[in-house]
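Chain nomenclature is as follows: A, B, C and D, assigned in order of appearance, with residue numbering initiated at 1 for each chain independently.
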């Protein structure tokens, strides 16, 4: 069996300037902090970032005084383009957009999930009524089925997906507790290369098979040491 | 809170002659036997049945001598039309087709899963390369995206879905162990009315939230008493 | 103003029946659970990934794994179930929510909704709002009838839309309006206002229900 | 015949590298794990919903919850993970399988595959076969070169297709052929046969690799 265990620095070294990465979580909850820290340390630039949102800046009362989630990458100027559903919580994003250093593409949250899932599940696209008659339909095809219009949403495929799990085994099967699941599963499906940061890594066979929520076939690299967030 | 607990007979009484039903499981493993038994007893006719396959007839060595899964409905002449990916294991289906009493529509297994999921997830359809250039494309639209052709697969929505779970709580959150999961989750998403048959029903709050794999928001009725299959 | 908001939330609360599954927008709609009638309990969906949103934790009792869609730490009901974004939005978009109650900047005669772009402000993003109003079985807009004297119930929305033809009901401090056979119809009026008051505060044309009722406070 | 089948399975086994994730069709391909080279272990995907298919249970040790896609009770590897059909086929269709090895009735010069409709027999259904050959990164056809004297490697398939332009490699008792830059190319030949033998047994036109190798038994 392949050894998938690496340090955070080793794992994120696959990310190069200009790459498209996806980062799991929702406003930082469920984001792989140790991978983001390593990516900040690595200093990779001109990233296109797929994430639900912009994370939380350290001055947000729900962070305990440190940047939470992808806010780290944005604060460090590593992102040229963010593809997200909502960026209102992190003021660095509006600042970057005003300064012309950050481009922002907004996608409805459900469509963002389906676009990632489509990439991971080999679909050529999905049809959705969400966004019809709104600025979201700009540049997109409308397909009519029996008199009803749908927007065609195309797959969105990151080169590297950064995922957070609570538990993982050395094969890469992983489990996320409570509300840390958001976007982690679909991004694990979608990523060409998938890195999981887990709080705890178990030996293969140590836990019941149904202990794990997602198959390790998606996972290329595992990093142990993700910590519970300090409240 | 609504009471969702019913007997099998009470639950399947929502199924009427001519209805479209979906039944979870794969060759009987993961199929809700107590609901199928109740539906046989009820004698409802002219059903359209969505299932992966035709189950196993009692003479199959992997059944322990009784009809397994949807084979019960077919043996009892209750199905007019089966929509499935593979019907080779149950000879009653070929017999019914020869006799002109049973229509069979074949769908690739992955497309069957996505069609059900599309119905449950509010998608107007999904694009897939599976089936292109084969008899599966008959009557379906082909959509070209950047020079690549895809088949448009439309949602498939049953009136009633019959699901098997190992564990369930009274809200309807449920969990399926090992290889009994097949098609149960997507059919729970897709069904207009969803009935879960569980081996064991727990009180709400008795188990950790992450004990359950699927949200009870999909579930309308719960029947306790599904038994482990006799080997 | 607090009275007005409570009045709107109270009236919205009456739309629910026991066991309904709902997603409540930020602001005014989050007051609704406090006003649910006796015997009615509802299941709150949080689009970041669970059914069973409850309240606010005591200081020191926060669970860092449990936030709501605004990023705040919250508590959960005993029947809570957690899931990823693909499932959360399958629930929203697949018609599994009985209702969503949201605020709006504009609603128009064609049941169009505009509630995501504030003119002159940065565009924060639609989040899950476009999905919610397209997917939920019933879309209730709970809002003040006008905004600083400007109409909000329009002939035609002037702001970019959140979605087309999705609104089922509008609840304001003045009245309740419903789309009946596609036609905006006044169905309840608060005793503080006359029909003329409502007409003056509403740009849209609307019908008056033959069964026009009083919008009751309790 | 047993020798021929083992020969094909042995050669197919050499295509795997350690850790590959694969789905093996019924029949001959299921013999492949017995012939994997030293140091190569592979992860078997079962389309009814797991990664980590292992062997056959002892009588009395069957787990009624664990069958393979043929409906037989099976055992699982320690790293097994179970999932539903939507996930199983996302894995298949999303390019997460390194390889699938399947039998065929016909393959043609354009890499088209026909392996689901047997003429004159009832049509049992494609199950997951169409998904597998479209989705797997590499599609290897492991089969006898001819069937009762009839060609199976055709100019153009005469049977209804399973999928178009999906085959990467054909392994028979006579030879190995690969699609290189879209052109069917003979890359290995078994010592028992001459090039003329292969040509006579193959309806399709094929190129001969400048690096033509001997198809080794061990």
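Criterion: a contact is a pair of C-beta atoms (placed from the backbone, for glycine too) under 8 Å apart; a residue touches a chain by one contact, two chains touch by 3 or more.
Remember, it's a predicted structure, so these values are computed and weren't measured experimentally.
Chemist: Counting hops between chains that touch, how far apart are chain C and chain D?
Modeler: 2
Chemist: Measuring centre to centre with C-alpha atoms, which chain is farthest from chain D?
Modeler: C
Chemist: Using the average of all C-alpha atoms in each chain as its centre, how far is it in Å between chain A and chain C?
Modeler: 29
Chemist: Roughly how far is chain A from chain B, centre to centre by C-alpha average, rounded to an integer in Å?
Modeler: That gives a centre separation of 32 Å.
Chemist: Round to the nearest whole Å and give the separation of the Cα centres of chain B and chain C.
Modeler: Roughly 35 Å separates the two chain centres.
Chemist: Find every residue in chain D that makes contact with two or more other chains and list them.
Modeler: 50, 82-83, 89, 92-93, 134-135
Chemist: Chain B: which residues touch two or more other chains?
Modeler: Those would be 114, 117, 121-123, 128-129, 177-178, 209-210.
Chemist: Determine which chains touch and list them pairwise.
Modeler: By the stated definition, chains touch in these pairs: A-B, A-C, A-D, B-C, B-D.
Chemist: Hey, which residues of chain C end up touching chain B in the complex?
Modeler: 18-19, 21, 41, 43, 45, 50-52, 76, 78-83, 86-87, 89-96, 134-135
Chemist: For chain B, which residues are in contact with chain A within the complex?
Modeler: 114, 118, 121-129, 143, 145, 148, 150, 152, 154, 175, 177-178, 209-210, 213
Chemist: Across the complex, what residues on chain C touch chain A?
Modeler: 46-50, 62-67, 69, 71-73, 82-86, 88-89, 92-93, 112, 117, 122-131, 134-135, 160-164
Chemist: Note which residues of chain B are touching chain D in the complex, please.
Modeler: For this pair, the touching residues of chain B are 26-30, 52-53, 56, 60, 62, 84-89, 94, 97, 106, 108-114, 116-117, 128-136, 176-186, 228-231.
Chemist: Within the complex, which stretch of chain A touches chain D?
Modeler: Result: residues 1-2, 117, 119-123, 169-171, 173, 189, 204-205, 209-210, 212, 214-218 of chain A touch chain D.
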